[in-house]
Amino acid sequence: MRISVINPNTTVSMTEQIAAAARSVAAPGTEIVGVTSSMGPASIESHYDEALSVPGVVEAIVRGERSDHPADAYVLACFGDPGLDAAREVASVPVVGIAEAAMHAASLLGRTFSVVTTLGRTIGRAEELAERYGLAGRCRGIHACEIPVLELETNPDTAGVLVDACRSAAEADGSDAIVLGCAGMADLAQVISAKIGVPVVDGVAAGTLLVQSLVTMGLRPRNTGELAPPIPKVYHGLLEPFGRGAIS
Amino acid sequence: MRISVINPNTTVSMTEQIAAAARSVAAPGTEIVGVTSSMGPASIESHYDEALSVPGVVEAIVRGERSDHPADAYVLACFGDPGLDAAREVASVPVVGIAEAAMHAASLLGRTFSVVTTLGRTIGRAEELAERYGLAGRCRGIHACEIPVLELETNPDTAGVLVDACRSAAEADGSDAIVLGCAGMADLAQVISAKIGVPVVDGVAAGTLLVQSLVTMGLRPRNTGELAPPIPKVYHGLLEPFGRGAIS
Amino acid sequence: MRISVINPNTTVSMTEQIAAAARSVAAPGTEIVGVTSSMGPASIESHYDEALSVPGVVEAIVRGERSDHPADAYVLACFGDPGLDAAREVASVPVVGIAEAAMHAASLLGRTFSVVTTLGRTIGRAEELAERYGLAGRCRGIHACEIPVLELETNPDTAGVLVDACRSAAEADGSDAIVLGCAGMADLAQVISAKIGVPVVDGVAAGTLLVQSLVTMGLRPRNTGELAPPIPKVYHGLLEPFGRGAIS
Amino acid sequence: MRISVINPNTTVSMTEQIAAAARSVAAPGTEIVGVTSSMGPASIESHYDEALSVPGVVEAIVRGERSDHPADAYVLACFGDPGLDAAREVASVPVVGIAEAAMHAASLLGRTFSVVTTLGRTIGRAEELAERYGLAGRCRGIHACEIPVLELETNPDTAGVLVDACRSAAEADGSDAIVLGCAGMADLAQVISAKIGVPVVDGVAAGTLLVQSLVTMGLRPRNTGELAPPIPKVYHGLLEPFGRGAIS
Amino acid sequence: MRISVINPNTTVSMTEQIAAAARSVAAPGTEIVGVTSSMGPASIESHYDEALSVPGVVEAIVRGERSDHPADAYVLACFGDPGLDAAREVASVPVVGIAEAAMHAASLLGRTFSVVTTLGRTIGRAEELAERYGLAGRCRGIHACEIPVLELETNPDTAGVLVDACRSAAEADGSDAIVLGCAGMADLAQVISAKIGVPVVDGVAAGTLLVQSLVTMGLRPRNTGELAPPIPKVYHGLLEPFGRGAIS
Amino acid sequence: MRISVINPNTTVSMTEQIAAAARSVAAPGTEIVGVTSSMGPASIESHYDEALSVPGVVEAIVRGERSDHPADAYVLACFGDPGLDAAREVASVPVVGIAEAAMHAASLLGRTFSVVTTLGRTIGRAEELAERYGLAGRCRGIHACEIPVLELETNPDTAGVLVDACRSAAEADGSDAIVLGCAGMADLAQVISAKIGVPVVDGVAAGTLLVQSLVTMGLRPRNTGELAPPIPKVYHGLLEPFGRGAIS
């Protein structure tokens, strides 16, 4: 089985970190292919960033679908789940976003969860996703550590700040689990959990395992109705693979 | 007052039709500027199309904000309200989507409304928007006429098919108003309403008038928190105006 | 176009203030007619007051509909939207309440709003209306300044108290807009907004502009089903125009 | 114990029928006093009728509260629960509406109920009340028999039509109980239930018994905050008891 | 009329207290039969306890249904309403849980209520029940006094602690009523209410009176569909009355 | 890794079938241990059956926790998820119900799913679970094939009936996936999916893979607050392991 883990931002070092997180949980027979988006923002911390990241996400999936060795599933490794619906139209195999995966997985650990994310300005998007996935009633709080995405890797205080933020969130909300709100936090989930004694869910691991589960069950999307392949048409100003005929 | 009415697809004839619909309701002192997206799909009929239309929408607003005569408000003239959140981050003036505008306006005409849209595959997006805007409880049905967006203009049966679809929807759902689910239907709202005796809301007119109302009241967005201007950063593979410093 | 702005309480000076607020935003060709309810409470600060204000509201509309120069639309200028459903049955043209208008308009400015109202005892009604209009999820808080309605005009501290209350609400709730919860605050919206740097929506202006927008679009209510004209019948103990035949 | 059962319309024969229904279920020591509203519509079949019925309802309670032998509780015997919030402000004892009572009682009989009401135009109000009381999720359908309120008593087909309507509703919705949507149907609940083998809840009986239960438990309203007694003020054009000082 | 009040735990002294509370409000002609569960936990303070209490509850009802003098109704006197759905399948007469009864009764006293329960760990179940009954929107808070169920009777501070907890809850939440979250608090409702000036609803009294009301109205469950009598089958390891043929 | 898959009914042949379904998807290093409940109904087709199955489920987990080789996770293999909350209190490792697992997994395949279950009388429970898990908005229909649980294995028409029922459900609801509503259908998921071209989710496979995913991520429940281990106490009439000290 091959799972393509797409980093919707263009920062290659982050792709590597994400792919490593995916590999660390994937089954022995599962190959993880990390893909860096070819265009868009270096990190995603606003609706604007997310909007500009979507074509790169979609392109990665179109290229993947056309390749000689297409993936058996895709993970979108940004907590805003950018382009998830569009991705589901163009992919003939399961696609899972990491916010989606983390929130669903956390829901299996008890009655409630809290989210700890990067910048406070992304809280609105996380609320919107929890609402969309039906899990807003289980989400007791969304908290920001105010470390920008690309500093997570470089800031020596990241682990400490996150441990504190997760502990505070768990105490304040009384939640049964913590969800990490950024793919860049993937490597810290187990460390934080060990420190605070609360299960901490990383979306990259959750997304990898959930999509691997779907493939193991032989589940492929229906690709009809709302999620049928897009009708071929002209896409002005966008290079291949978005041009006419791209999707057929 | 100048209102920029952005057509999120790249079909110029549709922009003209949209701008005409906006002009037909705007106040005497309001200038309507029709803007065609510079890149993306020729029409928007899927999540994929919508995803690829967003950069063009955002670019139009960034260029508008930087121009010598910036607009006092923007209307996003596609019923999927593509890029609305991103647009609100980069605009210092009100931005309204036509689905949003039409649904809010229809809510003022009674207790319920129904939507008549183009292709059935877009119903999911319309449901999602009604939910997001809080108006799903008022939306008693979403119906498709199965005429693609670009055929609305050219198909000689468009008016007849839409009259029938709107009448059926009003009868089946018992709704107090019909909302037209595509900017390309803007010129037909009054004709249909006259035929079926039910108020028919066109989002282009509604969007223009609602955003004109906001400007008249002197309301400008707060642009803080979630909707603060995006943090300047590198956008790979995207030409200006998306490059570093684009948003400052 | 003529818009009848009905003050549901019997305080004439407040009608004048309301009509002035409406005129300050109406289009050049729009005539604003302020109407003071002929019976009921001097101000509306309880369910009891609201209940007793409704016959006056309905009477004003019945008289309006029968007049030689009927209005093209009505605004109900009290934040409880008293008698809105009844008004919609008897009016053949659009009727909009100012709570409804303000909450819908505020929803176009971002993701969330807060309400600042007069007495704390009216908060329940505002919550109920937000729920009814589908906008409770966007309403992050309802706050009272504890100045009674009729003191808003006479209390020299009104502006200062409201500026403080609106600033606190915006900070505590992190909302994208403030909605003023009383028609008697109409003249202060722009002053407050300028002081606190947050858009402040006055319902009288919003109601006037939204209903003017509906008329500009040629939208008239369907007046069938639930909102059909009432069946003529005997109304004991109520003078004309409520007697038999009033509604035909 | 004395329970005042207020008929919000002005039709005395209906008051007698309602009082008889209340008496048929009240405990031996409970006195039922039927009160006919002194002003307003002869029957309530629209928002307009309901709006004009409210002052009479409120007056009946104000007079009751001031009487030498005030009631221990009030029942508002119209399925629109007109003036319920206002009544709760002016009454120092429990007030229950019959829609409220019937829906709550029906909820104790299983998972779901359906409503059978008079005219189709009242369905919207019933939906709104189910929503308000939190019971919309249990209400699987609201059906109209299209017999006007005052014909229920005189139309020889009433019983037959209602039996058919209730049976159809129970079958179509698969509900665990039927709620009768008009006080004028009170005497038929047991007959219908016997014919169709489904529990049929009459709101007059339910309201009487539920409010009797509250009194038996010694529960009196808190009358603070939103439901505190109204602030005394001038009520123009309304005779006593609504004048200044009425509520003190 | 005979009402069987089932204590789902096995503590006989608590059954006596519960039956006394029921008797204190029942009508003169209503016989209250207290039934102690024959198996399960001595008190119910967790999902585990509740799960293990359910067979005893169901057994009590099966035995009751088969007895020579079956009850006309059942009350389940534990605030978790254990086994309510199962009980409704096997009983041919109304069954009401005390959480259900208390929350519905409290809803008739105003717009909101708060719950004061025993241990904090039971709050989740109370939330779940409020949600299930449609009353979560009215429930403004659930508070724990942290006195275990069986200590309520023996702890000399119980009354004082509960008075304080109920007063705090009423003040913090601004609720119109307090609901006591344990059958073991039944005897204290009136005392607390007198001290704090807020109506305090005890579920045992509420359940007794509501179910007595249903019986007085002649309402018997439909017992079809989801709530039809269970299909006879083998129940391994469970003695009579659960064996094959138990339910026929 | 060892996963204990508990069959909440007492039919051993069904346990074998369930364990086989779990084994067919589990990772190579995962041992599946099928456990048949030691007491309770032979099949679960009512609230009554479910209530009586819960002690057996809980006992299986208590025994498991005390064993020398405790499992790393538990799956509750009945679509009513019987005893899930109680199980989570007594287990120190993840517990997942198959309804929960199947609905969450189906949610990752698109926007909507439909359920096909055994008897129509179980639809209410499935609705309740969808609501509880937050996924009711995604569940577009619940359909019964009216084959009892124990006949699924023996009825030669089972496969054909289920194929028809799933196809009809997918067509009528336009759903993106089908969820099978009984553990006894586990072996048919792939066959049905192949016939109808729609992904069909079996809860046993989904539960096994999701809980395996949680273990792979190192996630263990917090076991505090609502889900802390139960307080040791006396359980009358229940043999070990439920007696005092069982949970310590």
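Order of writing sets the labels: A, B, C, D, E and F. Residues in every chain begin at 1.
Just so it is clear, contacts are C-beta pairs under 8 Å (C-beta built on N, C-alpha and C of every residue); 3 or more make two chains touch, one makes a residue touch a chain.
This is a predicted model, so every value here is computed, not measured.
Visitor: More than half of A-F's contact pairs recur, by residue number, in one of C-D, A-B or B-C. Which one?
Guide: B-C
Visitor: I want to confirm something about chain B and chain C. Since they are copies of the same sequence, is their interface symmetric in residue numbering (over half shared, so same) or not (under half, so different)?
Guide: same
Visitor: Round to the nearest whole Å and give the separation of the Cα centres of chain C and chain F.
Guide: Spacing between the chain centres: roughly 53 Å.
Visitor: Taking each chain's centre as its mean C-alpha position, how far apart are chain E and chain F in Å?
Guide: So the centre of chain E lies 29 Å away from the centre of chain F.
Visitor: Between chain A and chain E, what is the gap in Å from one C-alpha centre to the other?
Guide: Each chain's C-alpha centroid was found; their separation is 45 Å.
Visitor: Multi-chain contacts in chain A: which residues touch at least two other chains?
Guide: 88, 111, 124, 225-227
Visitor: With touch defined as at the start, can you tell me which chain C residues reach chain B in the complex?
Guide: Contacts found on chain C: 25, 27-28, 88, 94, 96, 100-101, 104-105, 107-111, 133-138, 170, 174, 176-177, 189-190, 193, 197-202, 205-206, 209-214, 216-222, 225-227.
Visitor: Under the touch definition given earlier, write down the residues of chain E that touch chain F in their complex.
Guide: 10, 38-43, 45-52, 54-58, 83, 85-86, 88-90, 120-125, 128, 132, 148, 225-228, 230-231, 233-238, 242, 247
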